[in-house]
Structure formats: structure tokens, C-alpha cells
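See structure below.
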């Protein structure tokens, strides 16, 4: 990156007819001969759908792969928790689906903030993903004739979602894990579980390795390579409470960002409306329940504040406020995720929330199945939602057959991430980013059942190819030894940082204490709805809290052993810096689009997008210190799907 | 549902490393909220320990929604605690309102699961069993069109019953012989049931069973404790299927499978 | 041969050996019990039955050889399996609660050892005739005089109760270990185990009781 001047972002997206772009791009690319591949070392960080699939495929091609994950086994990556399904434009249902339609739906669903070329490729590859997964033995749901079953998901007008009970993510991940295991056995992939990436090694503008901490014995190690792939997932845990795994973190991408990789659209986060509400201050995570519940459940809150702590069954019909049905008569309880989420927040802010009081507010609304049970009978309701009701009862101790469920929105997915070009390479040469960790494909809002699709498209089909092209084009690499100054510097930086965390001047509280506070700021001011004043406050508050954290964070144990407290402290520190950038991005984007809702920008209560001024990717380049990132814009153009307005009134 | 908090005494296994002898430490939890999960109780205890300058209790956990398989401790002698078909992260303290209020928390114990620290064990043996053959050898991009392989719904459903395994290790922890037969049998059955898994079915059973034994897991003596402790309720029928596939392969296969390193 | 040895080194192979030898032994105890039922028909019937067996040496020796292989192999395999299984959990739990396992399953090694002791006694008593008052020509007399001793009878009863427990777990386990499982028929495996262990135990225990009660004399 040149000093002072802003870099130009080249998307390297091919031109020409959209349906030919990926094929032509592949045909025009350079390759690495089979015998030469083993001379190249590739590091893959993360072992979820994107990372696991990429490591397995690269290993299969004959590259020398090292794969890292912080979990005790690659099989535990958080892709495993995806419930609903995976989209593919197979048109097995003969209901008019096609690659173009999936592409169209994804661009539109993303509120016109994604690159058309990328999205089309994603829709195209969706076909291969299903073939691949089936061949691996992923036990997708079947019809009686033995063919694959589909369902309609997230309001799509076609049934294109493939699923394996409520555990599609698990089964697809175990498929990728089995492919990865096969390569580990073959010796092409070396697996490093319980290793956390703490820095990126950059030499002459090229990503040449990473620094890791062995979480079992605390050893700091450098691993060099010709290419580094980050597939480390999303950053929803910046909000402290989210549906992410406890360990999900942004450290790998944040460290890469600090080494020069721009962070794109950080404020694009997705909220899921049907999660189980927080029950107390001790809460460690939120659990999502399938959105399908809204097909039959009715959402309401009491009309009167004094009814909020009453048994909901005792509240007469006239005193119930079915706010979605009243405000959106056409769509009712089936309004899109963001609309349902925001309205839940508004009624709770008005003091009409239900459930336990947490930090002085009741955050929950009822999702009532009493009418559905009356209309369909308990048996039918049980058949449709039995599993979900069981899960709800296990967590809350209440039976939805007897009393209304309580739900509240929660952070669920982050569309933003490291900026990448069409080849999924960041502005640092040789640094590739896949899956939720990059920003591509979903724009400002992700459609249901598309996360699995993107992770696997990146991992199985895109990265292995574009990495080959990079290596085949570059060919000559400088030898980097462990004594290279850049390697030593990175090692020292990591060691110093750990020392700094371990030796706060005035240690008082465990890292969670500060993380929870950061989460509260983010949720209140950069959550479902944002406004200028709130974001400006957050931009003031976060650095102050960060300073407090640095002074007072208390970590027991040593840095040279298994120390989960230290792990959390490092991740929390990076969340402070990322949270600040999110607020900055949200403040700069003076429009509402997808998951980003600016209260100043609405028309009749609906999000008002501003295509004239904001039809771009906001990529933020590190500029020496936290909060001083510079904005670089990658303009977006739409040749095939003309921007249109969403309306659900 | 009562919101009243209650008191609890925990005896937690503390062990600083694999070679340390380890012992139980007693901790008082004066305010247990019935809506907390068991892991949140440990979080809360850890936060107090850390603020007090002591080391927190090390325990594996991640998704906290019962699917990743990272968590798992033995609570009063039962892996994942008293609620059936529930992982430790999904076990809520309301299960303890009426006692017991004195609880022993131990790691999964097996020679094949060495203790790393406190309640954290190394389950790498499971990964190695899968590496030995728990896959269909298919190249990326070489797959046939998905619907060209019809799979009867009943077979697909049964394969899914086996594939639901989350690899937590509760079966090993519960088995009087610390056997991983349920884990191994579930994977062999999942792939052995499907048409995609047929070409490698014989070798797979032999390779995975050999690795299972090499890791030092015990043998199955049909106590069925594994099925009862399994948070996904995986059936011991899959152990029978493994036995069948393995024996058949040993008796009929022409070639030996090569020894693993 | 190499394959057979490799198989025997695996846990599943050992369990298969236990199941197959167990199958032979179940056959033996069933036949043994049924044959002894002749005692209820009187001295001639039982001695006649014994004579018939001896008159067909091919049958007798086939059975004897099968038993001479099955018994030691069953015992040796069981011991090596138990040792390997104990080694798989070097450190026991401070607290352990069993969820579903049966007493029969848990006591397998102990009922097995008890059966071994009982078997040795039984052989010494009624096969080799090392105990007093043995008449090698009259099975019936030995049968009656042996059970008239309440100590011997008590040991027979205890031994056969152990056999019952051992059989119950052994019989259904045999199917499972050999992989004979099908959702439709799995219930019958347990039914068969209950049936076989019950009739063999009741049948065998009835002999000393009948003698002591004077029904057989």
C-alpha cells in the first residue's frame, strides 16, 4: 500500500455476459503443474465449511497444506450449528428455479450492495455443492422415490433449500471434515487443532505466514507459507451475546486488517428475529430457533405496561397487541427478518416487553401457538415444530404447548468482513479470505440458507482454483526463513501483546466484564437500528472502555500454559477495535439498507436506501491506529438486476 | 417456573496438566439461578475465581447449543449430567432445584482421552479414527449429478440417525470399558448404509476398528450405557452393524488393509 | 491364519470368539439340563440315557472335544478382554452412576469366575468321581447321593443362579457381538435370553431341590 494515498480497489471481476464470466475466468487463468504443487505451502486458518473444504481440496490437488483451528478438532467449527439448509438452483421441484433466479434473489435480498459477478458465480456453483455433498455421503432429506427433498425457506418463492433434519450445517461440515480427514491421512494436510492465529506475516506486501499460539502449552510459533487463507468466520461476538459460538472471534481477520487488509462493510450485521431471549446477566450466548415458527405462531405483546409481568394466558384478547399484524396487514407475522426484529425492539423500548427483567428492561415478545393449536390440533403442531418446542423447553423450562414462547432478536451473521476481489484475495497479495470472514456475496443482508452455500462455494470450488492461478502467475517466491526480520517482528509483536495483556497496571476484572459492557454499547447503539447521535456516543465510549480494559483486565494463570482467560482477553481486545470501526462505518453510511437501519433514513417506517450516494462497498484501510482507518470505496454497478425498492406494507 | 436462587456446593476436579495427580476442590455457589446453564454456572464461578486471582476452571465448550460436541463433563457420575439427551451446555440448573445440591464434576476419564487441564481432555483419538477411513474418497468436482444416486427415504433417515453423532465422547465416558464403539459404529454405519459408502465399506470397517483399538479404547461388552448417555440418543444397533461389517470383512476380504503409521 | 490371528487381536474379534464359544456352551448346558430331566423318570431312564451317550463314542467325543476347545477359549478370551477393558480406564470416577446396564452385565466376570469354580467342583464331583461314595457305573445313584448333601446342593443352587445371570447377558449379547441385529427382531433377542436362562436355571436347580425334598430318591 502506498503511503498517504489511498489504494484503489480492483475487483478483478470479469466482464462480458454474466453466465460466462466464471468459465472464461477459469479458462484464462494460470495453472500449477501437478508435480510442482507440492513445492507450495498453503496455510488455511479455520476449519469450517470454507476453511475445511479449501484445505481438503488444496491438499487433494497436491499442495502442502497446514490447517489451523482454535477448537480441539476441526469438526467443531461453528458452521456446525447452522440449522435450516443450503440453497441450490437445482430446480428439482420444477417450480421455475434457475441459476439466474437464485442470483437475482441474492442480489435483491442483499439490498443491492453486492458484486453481481460474485453472486452469479455463487448461484452457479450451488449446483456443484449439492453433487459434492451427496457424493461424500451427506444424508440429505429424501423423498419416497429416493430423490432429494427440498423446502421453501425464508420466504423464497421456490423450494430450493436442501436440508438434513434441523442439522444441515452439521452434516455439511462433517462432510468437509471427512474430506479433510482423508487428506490428513494422505499426508497432504497437517492439522493444528488448539492453535490460534495471532498475527499475519507480511513480507514486501505479500502474505507469507502466520504467528500462532499453541493453546495447550502457550508456545508462540511462526509458520511460513506462500499463501495464507483466512476462513475464520464472522465477528458477531463483538456484541458479546450472539448466536455465535463462545469462541468465535475476529482476531485473525483483525490482525490481517492491521497488517493492511481493508475491512469492508463492517456495519452490515444480520439480526435474527426468533431467538430465545436473555434470561439474566449471566447469559453467555443466545440460541436461535428456526424462522419457520413464524409461519404459524402469532407475535404479540400486552397493550398495557402493567400486564407485562402477568401470566400471558390471563391477558384478554382485547389487551393483546398483535403489532406485526396491525402494522403490516399484508405480510403480518411473516414480514422479513429485519422488519420483525426492529418492531420487536420498538415495542420493548416502549416498555411493553415481556419475560425476565434484565438490566432494567424486559426484552422479549410472545410468539403464541394457542390459535395454531386450536386451528390445526396439537398433533399437527407437534409434527411441524416438535423439535423446536423441545429445544425451547430445555432452555427455558416452559412448554410452548401450554404458554406462549418468548422470543427476541439476536445477532446472527455478519455480512461484512475483509475486502476481497473476485479471486477472494485481499489487497495483500497471497492473502485469501473465504466464508463469513470475507465481505463478498451477501451485500447488506444475507438470505436464509445461503451461508452454507457461500462457505462451500468458496472452499471447494473458488479458493483452490484462484490460489492456483495466483501461484501459477507469481511463480517466483523469495525464500523466507524463521530468521527473516518480518517473521521475528511478528513473533515479538505477539509476545509483547500477550505480556501487555497479562500485566495490566491495575488488574481488577476478568475479560468478560469488559466484553459485556462493549456488547451492551454495540447492541444499543450499533444494533438493529442506528442513529447519528447514538453512533457518535458509541465512538466516544468504546475507546474509553478500551483504555479501562487495558488498565484493569485481570488474567490469572500464565501465558505459557493452557489459559482460556488469556484467550478471551486477546479476542476481547480486538473486538474493541473492530466495534469502533463498525460504528464509524455505520455513521458514514447515511442510508438504510439490508441489516443496516439508520433511523434518520426511512420512508413511512421502511428502510430508505440511497443508491445515488451509497451504491458502493465501504472498505476501511488501517492507518496506523485504531479508529483512524481511511475509507476506500469500491463502486457497485448493476447490469442484470436493476435496483428496486423493498416494501412490505 | 421458580426464579428463586439456591445454594450449591461443587467438587471440581482440578489438575494442572497431564502429569499432575489432580484432586477435587470444593467451591460454594451461593446464588444459583435456575435459568442458568451448567456451563454458565462454571463461567460465573470462574469470573469470581479470576477476580480473586485464582485460575479459572478449564473446560471445553464452544457452540453452547448442543451441536458442536466440545463440551462435556461428568456430573455426579453421569456424562453431561442428569438430563437425558442433553449436552452439558444445554443442561439448565432448574434440573437441580430439588437437589442434589452437592455435585461432583469430573472430566471424561479414559486412557485414550488424556487430561490436558482440569476438565479438559484430548479427544484427538476420535479424529484419528475418522482419519483411518471415516469418509468416502471422492475428489472435489468429480461428483455425479446428485439425483443420479437414489437413496430410499428409510435408508437416508437411518443413515442420518447414525450421522447425528456430535463426537463429544460421552459414550466413552459412560462405558464401563471406556470403549468408543458407539462413536466408531455410528460413522461406519452412516457411510455403510448409503450407496455412496459401498465401494470402501469393507476396508473402512477394518481400518476404523483397528484405529479404535490402537488408541487404547476398550471393547464393547453390551452394557448400553453409551446409548443412554449419548446426547443424541444414537442407538447401539449401530454397534451391531459395525460388528457385522467388520467380521464379514475380516472373513471375506481378499486383501489386508495396510498398517497405519 | 494370519487373518484369524489379527481378528483375534481386536476387541470385536475377541467378542466374536466369546459369542461363538458361548453358543457352543449354551448348547451344551441346554442339552445337559434336558438329558438330566431323565432323573424324573427314574433310575433306569437316567442311567439308560448315560449309557446311550457312551455307546456312541463319535458323538461323545465330538461333544467333549468341542467343549475342551470352547471352555478354555471362552475363559481365556474373557480374561484378556476384561484386562484390556480395565486398562482403558486407568483412573476410576470418584462417583459413577449407571444408567441402564443390568446386574447380569456388570457381574459377567464374577459370575464367570464363580461358574469356573462350580464347573471344577462339578467335574470332580460327578465326572471324575473324586468325592466320596462315587459309583462309576451308576449315574443315578451318584446324582441322588450327591444332592442329599445339603452343602453340595447349596453350591449347585448358587452355581446355577450364577449360570442364569451369565446366560441372560450372554445370550442376547451373543447376537449383538456377532452383529445379528435388526430393529424388527431385536426384541426377541432379549426374550430368548430370558427364556433360555430361566428354563436352564430352573431346570438345573430343580434337581437338588427334588432330591432334598424326596421327589427323586
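The first chain written gets the first letter, and so on, giving A, B and C; residue counts start at 1 in each chain.
Simple rule for what comes next: contacts are C-beta pairs under 8 Å (C-beta built on N, C-alpha and C of every residue); 3 or more make two chains touch, one makes a residue touch a chain.
In this text, all values refer to a predicted model and were calculated from it rather than measured experimentally.
Of all chains present, the one whose mean CA position sits nearest the global mean of protein CA atoms is B. When every chain is reduced to the mean of its CA atoms, the largest separation from chain A belongs to C. Centre-to-centre separation of chain A and chain B, using mean CA positions: 27 Å.
In this assembly, the C-alpha centroid of chain A lies 62 Å from the C-alpha centroid of chain C. Computed from the mean C-alpha positions, the centre of chain B lies at a distance of 36 Å from the centre of chain C.
For chain C, the set of residues touching two or more other chains is empty.
Among the residues of chain A, none is in touch with two or more other chains.
Looking at chain B, one finds that none of its residues touch two or more other chains.
Against chain A, in their complex, chain B makes its touches with residues 1, 3, 16-17, 33-37, 39-40, 43-44, 46-47, 49-51, 53-56, 58, 60-65, 67-70, 83, 86, 90, 92, 94, 116-117, 120, 122-124, 126-127, 130-147, 149-153, 156-157, 159-160, 163-164, 166-167, 190-191, 194, 196-197.
Chain contact summary for the complex, chain A toward chain B: residues 53, 56-57, 60, 71-76, 78, 80-81, 90, 92, 128, 130-137, 139-148, 164-165, 167, 170-171, 174, 177-179, 181-182, 184-185, 191, 193, 216, 243, 245-247, 279-280, 282-285, 287-288, 356, 394-398, 460-461, 464, 508-510, 512-513, 554-557, 561-565. Remark: chain C residues 3, 6-7, 9-16, 81, 84-101, 105-106, 108, 169, 172-173, 175-181, 183, 186 touch chain B in the complex. By the touch rule above, chain B contacts chain C in their complex via residues 11, 24, 74, 76-78, 104, 106, 109-112, 174, 176-179, 181, 209-210, 212-213, 216-225, 227-229, 236-237, 239-248, 250-251, 256.
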